[in-house]
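In the two assemblies presented below, chain A is common to both, partnered first by chain B and then by chain C.
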Partner chain A sequence: MAVAVDAPPRNPEAEPRAPSATEGSGRRTRLIGLGLLGLLALLPIPFGDFGFFAGQYALVYAMLGLSVTVVTGYAGLISLMPYSFAGIGAMITGLAMASWGWPFWLAILLGALATIPFSVLVGVASIRLKGLYLAIATLTMANALGETFFQWGDVTGGNTGWLISRPRVGPIDFASDRMFYGLCLAVVLLLLWMVEGLRTSRTGRAMLAVRDNELEAQALGINVYKTKLVALVIGGMIAAIGGGFLAALLLNPTPSAFRPPFAEVTSILLITLVSIGGIDRALGAFFGAIALVIQQQVFQGAEFFFAFFGIYTGFTVILFLMFRPGGLIQIGKLQLALIRERPVLGIAVTVAIVGLNVGIAWLVLSLS
Partner chain B sequence: MTSSAPVIEVTVFGLSAGAVFGLLALGLVLIYRTTGVLNFAHWAIGLLSMVGYALLAKTGMPPALAAVLSLGVAVFFGALAYRLVFRRLNRANQLIVILVSIGLATLLSSLAQMILGFEAFTAIPPWLPVDDLRIGRVNVRSTEIFTAVTAIVVAFGFLVWFRASRTGRALRAVAQNREAAALAGIDEVRHSTIAWGIGSALAGLALLMVLPHSGGEQGAVITTFDLTPFGTLLIPAFGAALVGGLVNLPMALAGGFMFGLARELLVLAPKPWSDMRASIAAVLIVVLLLLRTERFFATRQELEALEL
Partner chain C sequence: MSKRFGGIAALDGVDLQVQPGEIVGLLGPNGAGKSTLFNVICGYLKPDGGGISLDGEDVGHLLPYERVAAGLGRTFQHVRLFRNLTVYENLVVAQHRHLSGGSFSAMLRLPAWRRDERRARERVEAMLDVVNLRPWRDRYPTQLSYGTLRFLELASVLSLEPRVLLLDEPASGIAQKEVEALGPLLTRVRDEQGCALVLIEHDMRLLLSVSERVYALDFGAVIAEGTPDEVVSNDRVLESYLGRTRRAG
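Right, the complex of A and B next:
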């Protein structure tokens, strides 16, 4: 019966994890990643006002995506309600600012704290429910919250929502799109640093262990329930912070965006963007959000905008999950490794990949 | 003498809604049992049947014929989804399987939007006879009765076929023990494809029952809301499937009726309770999840096969 005792064979291809081929040169890869991050942060400049307008959305999506990174990427919990948590953050921020006159930073903190009871509720469910059952439970909960919490006029300001203004720190006013972009960038960098740091911390490694094999993690002395709960609470708070910034970005957050079917559709969009970027690395949410907003802007002009956009992202996410579950980050690392080993071929392939995508974008833009 | 008329009307309505949930749940359970994929794209595949129907009906074909033919669209896309995508996934890694099925839902529902021309409103003709029936004091729409009866006939036909036919037995064998089934000469890939095809056809039929008949005699007007029916269709269907622990087909059908009747009968309840209509499915699902219904219906071997 030795076979039964052995751990089940794992298929490394199917795990959402980048291969370790480039682990040895971690520092240089990280530097390249940071350089790319800086380059992408400057991307709006050539596009002027429009660039900063779109850039704010990308950064807010990146914040929301980071909550998926922690909950689904690190802890392996399939939550289909990240956008509902963002909605709680957005509405509470709006309530505190518009009707109690709180400053933005306190309001957003309250929004983050307000998600904790909901995270604990999902956490209690996650002890008993594995994988797909949790997916059903969270989908149901997103729907139920849309019918109850987001219908509650006292908290959501009714159908017209709340009117709020963007924050101001001392003499600096973040009201313009450019300034707000800068503020969001700072917050995203801070969150990226924290979420990437979480990954290598004791708690984060416990999450990865729970994701990979719950029984093994338990045998290692990890408190599985506590680990899941911590992941959900952190994820919920990050989503709520993103929601608060979304509220400030929109200036008039309304609850209808968090009612079905928009709540579910946007949650799915967030999961999709993180899967495309790379689900178990913090930078994945950042790259995924930028890729998503670029796609949105490219398809914007096309006649059947949303349909094209959905087909393209749906197709990409299926291909990525099947062949490159580590997302854009894994592709980037593989390209780097290829360039290191065979520079000519590697650079040619990279240019071809980038060229193909630019070509598709150009084609769509010229057709519309 | 306020009589039982509203009760009967509401019951008929609940039965027709329940029949639709039941059909969706049967497809979900069939696919999950045989291939271990909880298909979040189930409604999106069914939606393509509805789109096929809308296109065929526009050509002037008799609507009923168009409806039957368009079931083939769902069969095709269901089988294709299995062959191209889900067959190649490691089903032990539920994270990837679920994320992929969600991606497929995005892809297919957007495809449906594009084919419909991404209009805010699309008119769809009905294919079941539309009449307002009046029996005594009771007013019901004929489409409700037709929906309930058709769904019940199809569902029972399917269950009998699944029990008695050779293919049905092979499907059960694949669900219970893939290795043993393979040793007995049962082609797993072929039978999984059949399961996906039939399951998707059931989803197609369910959506063809609901969407074209949500309006009156002129047919229905479909908005983009109807193209993402999470709360109205998918969640009750998941709930119905949970009644049978995601593995038991007859219980899933019964669960469909349970969810349909619970939602509609609440209309009759006194005021604070009747407001629960929208969230009754959520309440029932929480109860079902906590009961862990799969314990009652799946054999140990099946649970192991599904890695529960």
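Right, the complex of A and C next:
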């Protein structure tokens, strides 16, 4: 992302400031990001009931994506277990609500706490294993969980799963898709705010340092293993919270969705969507989830092209990793910089990019 | 202190003593064991014999990051930095041991987090002036010259406020002008922070001008110790390091 410059410029003040990684963006960029977020949150309205139905999925994916942001984006650990952790959250939430009659919020808290021992297990593996090897180890663990935890009838309610209802807070009932969408939006915003706050903190910076250079992090007095463990525990809990909301969204969470190969495939999908959105910023999970669900709906509408959905997302993520590793957030920042420098050109290019995407979606839909 | 790699004794009974606030130089040819000694002192390698104590306190059993908390700081022969973080952010990461906030207080923006961040900001801003890195505050390491990176690495390790600072060839690969700035900076750091410095350096002028005492190493053993003048006039040092043969007769 950074451009290599051989000699430092004489007057660095005159140079544009590079976007800073831990400090957070400037006030204006942040406002624009929040504005875009608000706009996207209103996106379901023109589509009516269907919009809110799909929107709920996008928001739950955003919650699950935020766990990838912490574990993979911040701490650089490639874990293929986020959806398994979501499954633990979903099943425990279902168990506590359906068999013990617990309220939704307490059940979801228990689900989040239940992931801690599993996160510790991954943490122990991450002491010795890095990169691809850790990915393979977590893949195996996801498989093992699918064959053990998600086969455990007492916890998962057997193959039929649990029947639960959506939460109710005082007089407000979140049973309808519209209300539940609103609830999910509030929770996503809260989690987003928390994950972004983590980034500018002692622990969050230690995670970024460990991702960048473990040896140097150690030389600066950072406990590398503890840092990884904290990232895994926080990520696991966020995934479980997302899983709890997934359970309430589905109303009937079943364990089969968290057995191989669905658990692994969905985990990879989560990593994909976060990479497309922007893996090391909290907003990336939100943008990525919305982009993914829109694509999913477009492809699903275009029956003939639906078979190509996997190929399409695969290509997209490769292109992003090659040319825009910062994801949609990076594209957004580049567009903003262009607009600031050459407003007419910048706005024209931005409109063209958005128009092109909408046009392709329209073409695909009308062709089938 | 001893360290063996297979059958080769990389360090053979080296005894290094550093007084508080002292600047000690280490010299010796390549492969003499200087960097190995640093790695053993900092806990990256396990010694086969001997121990390390800091102010009379045994630190030999501690892990590298724990030795940092005990007051040992080091730089590496090849600059190690966080390449995806700006100069400012690199220095904020280095404040780790001076901050105390947990992840929970940060996620909820509690006052403890606010205090932590203010403290980190103030300390980094002050450090930027000590090492003259302010013009590059928001640059990424890939945008800087190697010499500037050396100063950034030095600033990072100084932020730890170590009691003993080990510097592995701080002047290698940097411009002559920067080498000349390094000597006075090291002396100033010692005077202001009161930490002891141990310096591995092949730039003899720098090493001899800042060091108060010099150890010469060869084949993993100390072959001479004393003031800079004494050591450079020592016959064995001349032979092994400076490459002069002993005068006949």
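Criterion: the second predicted complex is superposed on the first by the 340 of 368 C-alpha atoms of A that agree within 3 Å, B and C clash if a C-alpha of one lies under 4 Å from a C-alpha of the other, contacts with A are read in each partner's own complex, and residues count from 1 in each chain.
Please note the rule applied: contacts are C-beta pairs under 8 Å (C-beta built on N, C-alpha and C of every residue); 3 or more make two chains touch, one makes a residue touch a chain.
It should be emphasised that the depicted structure is a prediction, and the values quoted were computed from it without experimental measurement.
Q: Give one of first, second, both or neither to describe whether A:Arg202 is in contact with chain B, with chain C, with both, or with none.
A: second
Q: As a test of reading the superposition: which chain, chain B or chain C, is in touch with more residues of chain A?
A: It is B that touches the greater number of chain A residues.
Q: Is A:Gly38 touching anything from chain B or chain C once the two structures are fitted on A? First, second, both or neither.
A: In the superposed model, A:Gly38 contacts neither chain B nor chain C.
Q: A:Val224 in the overlay: touching chain B, chain C, both, or neither? Say first, second, both or neither.
A: second
Q: Which partner does A:Pro103 reach: the first (chain B), the second (chain C), both, or neither?
A: In the superposed model, A:Pro103 contacts neither chain B nor chain C.
Q: Does chain B (first) or chain C (second) touch A:Pro117, or do both, or does neither?
A: A:Pro117: touches no partner chain.
Q: Does chain B (first) or chain C (second) touch A:Ala144, or do both, or does neither?
A: First partner only.
Q: I'd like to check the shared interface: which positions of chain A are touched by both chain B and chain C across the two complexes?
A: Correct list for chain A: 8, 211.
Q: Spell out the residues on chain A that touch chain C in their complex, using ranges where they run on.
A: Within the complex, chain A touches chain C at residues 1-8, 12, 17-18, 20-23, 194-195, 197-198, 200-206, 208-209, 211-213, 215-224, 230, 234.
Q: Which residues of chain A touch chain B in their complex?
A: 8, 11, 13-16, 72, 76, 78, 80, 125, 128-133, 135-137, 139-141, 143-144, 146-148, 211, 260-261, 264-265, 268-269, 271-272, 275, 279, 303-311, 313-315, 317-318, 321-322, 325
Q: Which of the residues in chain B come into contact with chain A in the complex?
A: 38, 40, 85, 88-90, 92-96, 98-100, 102-111, 113-114, 117-118, 225, 228-231, 234-235, 238-239, 242, 278-279, 281-282, 285-286, 289-290, 292, 308
Q: Over in the complex, which chain C residues touch chain A? Could you list them?
A: 42, 64-65, 68-69, 73-74, 76, 80-86, 88-89, 92-94, 96-97, 99-103, 105-109, 113, 116-117, 120, 135-136, 138-140, 142-145, 148, 156-157, 160
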